[in-house]
Amino acid sequence: MPVRLSKGNNMATQEVLPAERSERVSLLHDPRARSIFFQVLIIAVLALGGWWIVDNTIENLRRSNIQTGFGFLNGRAGFDILTSLIPYSSDSTFGRAIVVGVLNTALVAVTGIIAATIIGFLVGIGRLSKNWLIRKLATVYVELFRNIPPLLVILFWYQGVLSLLPAVRESYSLPLGSFLNNRGFYLPRPVWGEGAWLVLAGLALGIVFSLLVSRWARARQMETGQQFPVFLTSLALIVGMPLLGFIFAGFPLTFDMPQKGTFNLTGGANIKPEFLSLFLALSFYTAAFIAEIVRAGIMGVPRGQTEAYSALGLSPSQGLRLVVIPQAMRIIIPPLTSQYLNLTKNSSLAVAIGYPDLYAIGGTILNQTGQAIEVVVIFMCVYLSLSILTSLFMNWFNGKMALKER
Amino acid sequence: MQEHDLAWVRTEMALAQAAPSSAVGPGAWVRRNLFASPIDSVLTIMAALVIAYFLPQVLNWLFFNAVWSGADRTACLTTDQGGQLPSGWTGACWPFVEARFGQFMFGRYPIDERWRPILTGVIFVALLVPLLTPSAPFKRLNAILFFAVFPFVAFFLLVGGYLGLPYVETPLWGGLMVTLVISYVGIVVSLPLGVLLALGRRSKMPIIKMLSVIFIEAIRGVPLVTVLFMASFMLPLFVPPGMSFDKLLRALIGVALFASAYMAEVVRGGLQAIPKGQYEGADSLGLGYWQKMFFIVMPQALKLVIPGIVNTFIGLFKDTTLVLIISMFDLLGVVKQSISGDPTWATPQTAKTGYVFAAAIFWIFCFGMSRYSMFMERRLDTSHRK
Amino acid sequence: MNKVKVILGAAVLGLFAGAASADTLDDVKKKGFVQCGVNTGLAGFSAPNDKGEWTGLDVDFCRAVAAAVFGDATKVKFTPLSAKDRFTALQSGEVDILSRNTTWTINRDTALGLNFAGVTYYDGQGFMVNSKKLPGITSTLQLSGAAICVQSGTTTELNLADYFKANKMEYTPVVFEKFEEANAAYDAGRCDAYTTDQSGLYAVRLQMSAPDDHVVLPEIISKEPLGPAVRQGDDKWFDIVKWTYYALLNAEEAGVTQANVEEMKSSENPDMRRMLGVEADTKIGTDLGLTNDWVVNIVKGVGNYGEIFERNVGTGSPLKVSRGANALWTKGGLQYGMPIR
């Protein structure tokens, strides 16, 4: 840059010369020149290092005769997986096994996030309760779980689930034909018959109608100040419409009940103990952090707000719901997002208890094929996209909750 | 005078009466704190029932029913499992922890050499305690000793191979010792690296900024296990054939990189909180970039984020357990190994006992750190509060 | 400091030369020890004992290689490896030999870039069940519907899938990354059956809280030839490891034991004299890149194959495995040492 400057100014002789000189002297101290120099240096170092790494890697792969590329994903996997959300057998491809892993990770992350949020909010509010016993219990809970490594929590739950639940033959019989034993939680699996689409259609209609009702109710409240029991109406619509469809279609539902087989219960839906303990561990662990965030959020709402809603005649529960929580949410959401991300990332600890998440299945594939680099690339892409998706959703939610200045 | 006219006005003060019994004493406390409203009462009763159900079980298991001495697993087996204890007994099997205590602390570090990690630990505590005590003198010297001199002393003591100290290879290391080594190195490396990354992220140089952002976000977006996985499976591919890294070194690199990314974000928070005037003030004094950062900005910024830094340390400390997944034996790894790989102590209670022991150790460390962070927070906060 | 120098040196080398030398024997001699990858803990094959010393068949094989190279069976260091990181460790040069009950398959021989030097133990995959909880199970074919604990990333996991598919049986795979985790889950009753190599089953059984309750089912569903492996592309080192294995077998066949090897040196038998390197102007050892008394060193250091077997997994051990397929070919087994001449 300095060179071009001086060239352009060649015409004007006398005045520019000193400037030119001073510029040349200060080239070492010119922040712009230095910044360009450092950046070029860093790029050069990185490029050299990168080239060295790539060169070594290619050499190493060639020496150990490992093919590169993602072609291996079309190969037959050959191994079975404990639980899968999509049909999978040992004849499926490695690619499909990866998808099974991604879905299993997503399943435990989503259910874990929901459970952790519920427990976290309850405990967080409990820590601020006027009730001494509840307050102390919540504190003990938070301090206990927050200060123990998540891996230990997971192992502990797994050990607990396996050792506290009875063997298959002594299963706990629960209502509605479900069973609980150390092979998991067995539920009757609904089998839909002909005409089941009517139920789905009813559900869809119910949701649409309740949205319309809530819109109408809000408009009416704005105009007349009269309230309408939106919640109850929506509940009736969402439950009632599918029920109507169900009756019209002639009760197209049978249940596949769990039966005692030689070894395990057969039939029905089975929630595996691996999933159960991972889910419980992640939710309980993360809930301790969420509780602290919720507590900080509620305490961040000025006391005047509480006094104000009391003055308006709102009951404490109404006040909490309509005044305090909406304001606390603005403080809560950003750190909550990072807890959700942590939970998703911690789900990779599943490998220690044999739950087939992405990390566990990826490890198995690496072992069968030796494709270390490709597997790591897949890990990175999937976890980064899960993180980005969660962040995007939470940012959208944050935007909705943000203060709307009118 | 007026006082006499108003006959209904008392001439002397009424004697102070004790507060009504409904407002003082244990009864009032109970009413106010436990049974303030019907819902409160229900909650209290439910909570009390939960406690009454679980607490005796936990205490019984931990202390009253626990086995405290024995030579092998038969001490912790019930009659139908081949031992002496009554059928249906459950309780902790503490002799297992006692028998393995040395391993839990030092792994397979040679028994004759165990004074070395102990000495290292003593030096560590001797340097750490005054560093953490605000009133202790010689902070600067202390910090230099702790962060710059101690690593070399510890390396020399633990690895050995010089001056007649036998060489102890890292695969023999294990237990709490490895947990502490990884945490210490992670902390010592991640703090400066995190500061550099945070500065890089706020730098005006586009390429440096971009590289810092990519590094921080990529690391923060993936689980530590994948970073460790990379360190253990990819690193060997990146270097020329025949050159190999120590497994512990690989774990250290992975953990340190991971912690730096988190540290960078904490430090960035502090940097953002420093008013612009401070930067301008430094500029007007003619300080260069590094002088400005290290004499003016960083001391203020780091002070602001001490709680965040300590929280990152706590996270790092807990995360060291994940090296278990790449077959290294930290405290949890050793506990887990002695639970399942060893018939001498295989009983139904061994696993629970081992996990409870490990959890207790981790809990003490993490709780201690979080309390210290709260203490510092209060100390540093005094100037801003009424 | 030294480490830094090595790294810097390697960096410079890497920049200019592209690749370092690939001569494992030279590297090993320079280091002064053989780095050997073993199992993290499989009784009879490789497990640390009470004093923290490694013992087992796979471990002793590495000691034999060290004895062949250095004349000293103690010049060996062990790296415990999980099923998952074993191949990377070998490929990257972290270990010189992988002696970790690893099954010889074509995929591993070709796609993973390994060379198997021989079969130190002929094994097959079997199943174990808890006879107390499941009385009446006497055959693998009765296991339809069972939950089965297995270690991930092993041939065992693949065989299991194939076997149940071929026999049209259902099962629930409960897959663990580590052997110890699978053991613990099986012991806790998570699975009905446990599957691994049959030798491993005997070892696992000893680690159960009630070993006598567990029975190993008679069927063997696969061929599991376990042996040491080295990297591809270094024939000299491959030869040394391969011939160490044959030397162990030949020593047993010729009746050379740890106790009598010195006496045998004065034997008149030319075959024996050639093997022990006492024949005049023999070049067998030096051709391998070793000394001529390499077989003597091996046998002195660890004994012959039969001695290693009996000590670690055979009658002299808690496992009490019979020789079976691992007997010498002269005794009806499969172990056949190529002639040393």
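Note that the chains are named A, B and C in the order they appear, and that numbering of residues resets to 1 at the start of each chain.
Everything below uses one rule, namely that a residue touches a chain if its C-beta (ideal position, glycine included) is under 8 Å from a C-beta of that chain, and two chains touch if they have at least 3 such contacts.
Fair warning: this is a prediction, and the values are worked out from it, not measured in the lab.
Asker: Count the touching C-beta pairs: is B-C or A-C ahead?
Answerer: A-C
Asker: So which chain is farthest from chain A, going by the mean of the CA atoms in each chain?
Answerer: Checked the centroid distances; the maximum from chain A is C.
Asker: Could you please state the distance in Å, as a whole number, between where the Cα atoms of chain A are centred and where those of chain B are centred?
Answerer: Measuring from centre to centre gives 25 Å for this pair.
Asker: How far is the middle of chain B from the middle of chain C, if each middle is the mean of its Cα atoms, in Å?
Answerer: So the centre of chain B lies 41 Å away from the centre of chain C.
Asker: Can you give the whole-Å distance between the Cα centres of chain A and chain C?
Answerer: Distance between chain centres, rounded to whole Å: 43 Å.
Asker: Of all residues in chain B, which are in touch with two or more distinct other chains?
Answerer: Chain B, residues with two or more chain partners: 233, 236-237, 239-241, 325, 336, 348, 351.
Asker: Name the residues of chain A that each touch 2 or more other chains.
Answerer: 56, 59-60, 63, 159, 163, 351-352, 363, 366, 372
Asker: Got the chain C residues that touch at least 2 other chains?
Answerer: Touching at least two other chains: 14, 19, 22, 88, 91-92, 177, 181, 188.
Asker: Help me check something: in the complex, which residues belonging to chain B touch chain C?
Answerer: Its residues touching chain C are 73, 77, 81-82, 108, 110, 169, 171-172, 232-233, 236-237, 239-245, 247, 325-327, 336-337, 339-343, 346-348, 351.
Asker: Could you please specify the touching residues of chain A with respect to chain B in the complex?
Answerer: For this pair, the touching residues of chain A are 35, 38-39, 42-43, 46, 53, 56-57, 59-61, 63, 129-134, 137, 143-144, 146-152, 155-156, 159-160, 163, 341, 345-349, 351-352, 359, 363, 366, 372-373, 376, 379-380, 383-384, 387-388.
Asker: Residues of chain A touching chain C in their complex?
Answerer: 48, 52, 55-56, 59-60, 63-67, 78-82, 89-91, 159, 162-163, 167, 182-183, 261-264, 266, 273-274, 351-354, 356, 360, 363-364, 366-370, 372
Asker: Can you list the chain C residues touching chain B in their complex?
Answerer: Against chain B, the touching part of chain C is residues 6-7, 10, 13-14, 19-22, 27, 40-41, 47-48, 52, 77-82, 85, 88-89, 91-94, 177-178, 180-181, 183-184, 187-188, 206-211.
Asker: Help me check something: in the complex, which residues belonging to chain C touch chain A?
Answerer: Contact set of chain C toward chain A: 11, 14-15, 18-19, 22, 83-84, 87-88, 91-92, 107, 110-113, 133-134, 142-147, 152-154, 157-158, 160-162, 165, 171-177, 181-182, 185, 188-190, 192, 231-233.
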